Amino acid sequence: MAIATFQILRGDASNTRVESYSIEVSEGMVVLDAVHAIQATQANDLAVRWNCKAGKCGSCSAEINGMPKLMCMTRLSDLPLDKPVLLQPMKAFPLIKDLVTDVSWNFAVKKKIKKFKPRKPDNPDGTWRMAQEDIDRVQEFRKCIECFLCQDVCHVLREHQLHDQFIGPRYLVYTAALEMHPLDVEDRLEDLKKEDGIGYCNITKCCTKVCPEDITITDNAIIPLKERVVDRFYDPLKKLFRIFRFKK
Amino acid sequence: MPSYDTHNYDVLVIGAGGAGLRAAIEASAAGVSVGLICKSLLGKAHTVMAEGGIAAALANVDERDNWKVHFADTMRGGQYLNNWRMAELHAKEAPDRVKELEAWGALFDRTKDGLILQRNFGGHKYPRLAHVGDRTGLEMIRTLQDHGIHLGIEVHMECTITSLLMGGDRVTGAFGYEREKGRFKIFKSNAIVLATGGVGRAYKITSNSWEYTGDGMSLAYHAGAELIDMEFLQFHPTGMIWPPSVQGILVTEGVRGEGGILLNKNGERFMFSDIPELYRNQTADNEEEGWRYTQGDRNARRPPELLTRDHVARCIVRQIKEGKGSPHNGVFLDISWIKNKIPHAAEHIKKKLPSMYHQFKKLADIDITVEPMEVGPTTHYMMGGIRVDADTQMSTIPGLFAAGECAAGLHGSNRLGGNSLSDLLVFGKRAGEYAAKFSKENKGGHLNEEEIANAAINALEPFERNEGESPFQIQYDLQEMMQELVGIVRHEEELWRAVEHLKMLHDRAARVKIVGNREYNPGWHTALDLQHLLTVSEAITIAAIERKESRGAHFREDYPQKDEQSGKFNLVIKKNADGEMKLRREPIKEVRTDLQQIIEEMK
Amino acid sequence: MAEINLSGTKYRFGNTYRKDAWWAYPLFVFLALSLFVVYVTWAAWQGKNYWYGPYLSPLYSPELFGPSPHRWIGPQPTWWPSMIRFSPALFVLWAPGLFRLTCYYYRGAYYKAFWADPPSCTVSEPRKKYWGENSFPLIIQNIHRYFLYVALFFILFLSYDVWKALWFTDTSGNKSFGIGIGTLVLAVNVVLLSGYTFGCHSLRHLVGGFIDRLSGSPVRRRAYICVSCLNRRHMLWAWMSLFWVMFSDVYIRLCAIGVWSDWRIL
């Protein structure tokens, strides 16, 4: 069997180093399998987050050879194994230990977004009717497994660390799912422009590129939201139109 | 003396999957303070893995459906060992729980006239599963999570409870550690809801993640609560088997619901050759009828692939044993064949089973729209667990509640697909409601300092040793052993061997050695989880020895038939005064007449 | 929102752990767009050789003022300042130029390729400061839709140019129907530009994206689906149409200069 070498970032925020581990590779192995093998035999205390191992929970996010990926969905056969494989934790969040980062910022951001507020039920039993064609768009966004790879790759967070002014692609997708929900009547456009900092997105589409669920984050979520923000705040004709309608 | 962070709540919910979240939401709505403990991050619990759907008799697709049919289906599926009151409540309340999710933002797939779409599933007479493609669990947990975070529930992520704290005969708190720094935490609470899920990690081939080490069952057991039905562990018939690294990952029953068929290596549709008596009237006797059923023909009967999971899993094992298995010791599950039946089959499959398509494409290089999958049984779900009161979900310990997979009763000897998600919602809600009520009515629980000190000493003990085994090795050996000796097909002699092995593993676990410090150290976490795994494995094994018949998920090679007398009791496990595991038979309460009548009518 | 402190991370321009050729795509964009801008600027200032028989270069269309028979209003206006060289293209080229400049696809592409913001995904940037499209000047990008409105008119004019390119005048002054290679070049140009313009993100918003429920309004839904369909390949349309506009000008210019002779098919 082939041998592969992994260089894994070890340590906590105060002290990091890169350590090398070599393991035997078998057919169909993914990066997470390799990490588990290393953990079980060479480094019992190697910290790594994981759960489902099937690309459904979004726990095992890391940077493999410099690209944000899910370790459980990255097969070793797709990596050049003649060179060492570099494994690092996500960079946009503070390091806890080894491959584990403190992603609590994300949960705090979600809490600030106005929650789902449905219109009055259509039927006396408190239910609604919705056409499949009207929810297709939102169902795409609800595929999100909250792996935060899009947050990690976004240069506004990763490079410029504007965590206090920009909610990041994940929460723009989340807001899009709420704003485009056929039942929702809440208004989040002002928040989007101000607190959420949608203007910081400069559409470089890295988030779309790394999304393991293939959500078209930029084109289907962020740009349509930007357009809605334009409607409200930047389009002079629409503004005029609103003023006149208001006066009548 | 170690230091602790102390938190006070009226209700503490341990576990943040579907049941835990639903319980926390309900308790919070009742106006009490709620703490919620997640072993992982919020929203990563195993509920996200549920694919097929939520069973609820909404009757949106077939108006002949109602709670009575659902009740009868559940009882039949569980071979009448179910707690019939739970089955009744479940069938009656599931539709409301599903509609409630919609009011919180969930978006289920729709029928043509805009209602929640429902699909066919094994053991359900009518199309009953509300679903979102094949990612229903994700939709459910996200909906609950997004609703719950606005209710003032305090969430403790990456925090594991290692023992329950008792004040006299009632539960008053919980002791655990947070992963990041390894600090101890004490939660003082007058009511605790356990919603920790199952114990799949006791087996080598499992669909469960590392978290599912039977914590709740073990915590409750060691606190003195009763466990019930522990011999009934569900093996899902279709897990991935190749390549080795994906072994056990679930292949949703939805594949068969959409028309997928099981074939052996000779291309025979072997499920037709063994249809159990209990289901003969409901099962198609030819392929054409089975196909029509999956396409919504209301007069057709279900194909045998959609029989209950216990039965399908055993048929697959039999094929493999007879040498008719696929190259990697499984059988073939084929959905691509429907291209002979409908146009645009590939698009249809991708639309209906997107994550299955994705999973096989990415992990196994298989395009399920053109070739069959290789599948085999995988450890999936624990029917048994903490014995609870049907209405309140309180265990035999005052103040200790349980809901979801770690509780028992609803499913009897075998769970129907889709009944788990509805179980989480229905009984999660009830547990939260009654825990809040209990907490309000029973204030003033106190903690025992000595108990806390002991819990801390036990948790730190593995660090004291300089010599010892890796906890990962012991866990691995346990998984191999359970897979081999307490698997799908069981035998008395093997089970006794398992008891011996468990004793040895217990001794080895007491001598594990931990590398590194307390900060985010998976070795330490595994060492602590091992205790729970061993406790629950022992309970499974001794219950499996005691039930000398084959029923539901429990199959005994030495007693291959169902035994009428054995159908009249459940097996209850409790720790005795000497700390030993004791087992007793508990007669099943007679079914209420009106419910019995429903069962008879639907037979 | 919670503050976040990522101490210990040092960034240097171009720093990355990626092992692939991450620079290839931004480099391609840089070269291709540079080539286009240089060529179009050159061609626009020529002021001649932009028409050949019934063909009019799309860079000069619609020709509002100018010397050619394709003009709409009249010859070079008298108020044109003499120190600036006259070219009919100057009246019109700003519109498609701004349409592309504010296009959502090109924005992302040139921010990377020309401004290294970021140079590529997970590659470090040269500057610490970042304003995004939140403040001047990039906040202007938000009026993309107005350039879309203008661009839609251009599709009409360019289609008319194709119509005109079907009618050839012979030496004796008689007009007759015909198709030349140039006609096809101009027709393909309109198709590609339409594919690009009708796939615009702003248009997608305006025809239906702005509301949450499209069921019940079949026409609007149909339109939304069509625009969305083109939008999925917006990048491809953008590059193809960009290339073809340039090619159309080159073709007509070569014919006009006499380097190349157009070939009549019909």
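A, B and C label the chains in the order they appear, each numbered from 1.
FYI, a contact is a pair of C-beta atoms (placed from the backbone, for glycine too) under 8 Å apart; a residue touches a chain by one contact, two chains touch by 3 or more.
Keep in mind the model is a prediction, meaning the values are calculated, not measured.
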* Per-chain Cα centre nearest the global Cα centre, belonging to chain -> A
* Structure fact -> Looking at Cα centroids only, farthest away from chain A lies chain C
* Asked: Using CA atom averages as chain centres, what separation in Å is found between chain A and chain B?
  -> 28
* To do: Could you give the separation in Å between the centres of chain B and chain C, each centre being the mean of its C-alpha atoms?
  => 57
* Using CA atom averages as chain centres, what separation in Å is found between chain A and chain C? -> 32
* Structure fact -> Going by residue number, chain A touches two or more other chains at 104, 131, 181, 184
* Residues of chain A that touch chain C when the two form their complex -> 13, 16, 63, 65-68, 80, 83, 86, 88, 91-95, 104-105, 108-109, 112, 131, 133-134, 153, 155-156, 158-167, 179-182, 184, 195, 197, 199-206, 209-210, 218-219, 223-224, 226-231, 233-235
* In the complex, go through chain C and note every residue touching chain A. => 1-9, 11, 16-20, 104-105, 107-108, 111-112, 117-118, 121-122, 124-125, 128, 130-135, 138-139, 142-145, 201-202, 204-205, 209-210, 212-215, 221, 231-232, 234
* Structure fact -> The chain B residues in contact with chain A across the complex are 40-46, 48-49, 99, 102-105, 107, 109-110, 113-115, 132-133, 135, 138-139, 142, 146-147, 149-150, 155, 157, 180, 209-211, 242-246, 249-250, 355, 358-359, 362-364, 470-473, 476, 514-517, 519-524
* **Of all residues in chain A, those that touch chain B in their complex** => 12, 26-30, 33, 39-41, 43-59, 73, 75, 96-98, 100, 102-104, 107, 110-111, 115-116, 118, 121, 125-132, 135, 138-139, 142-146, 178, 181, 183-184
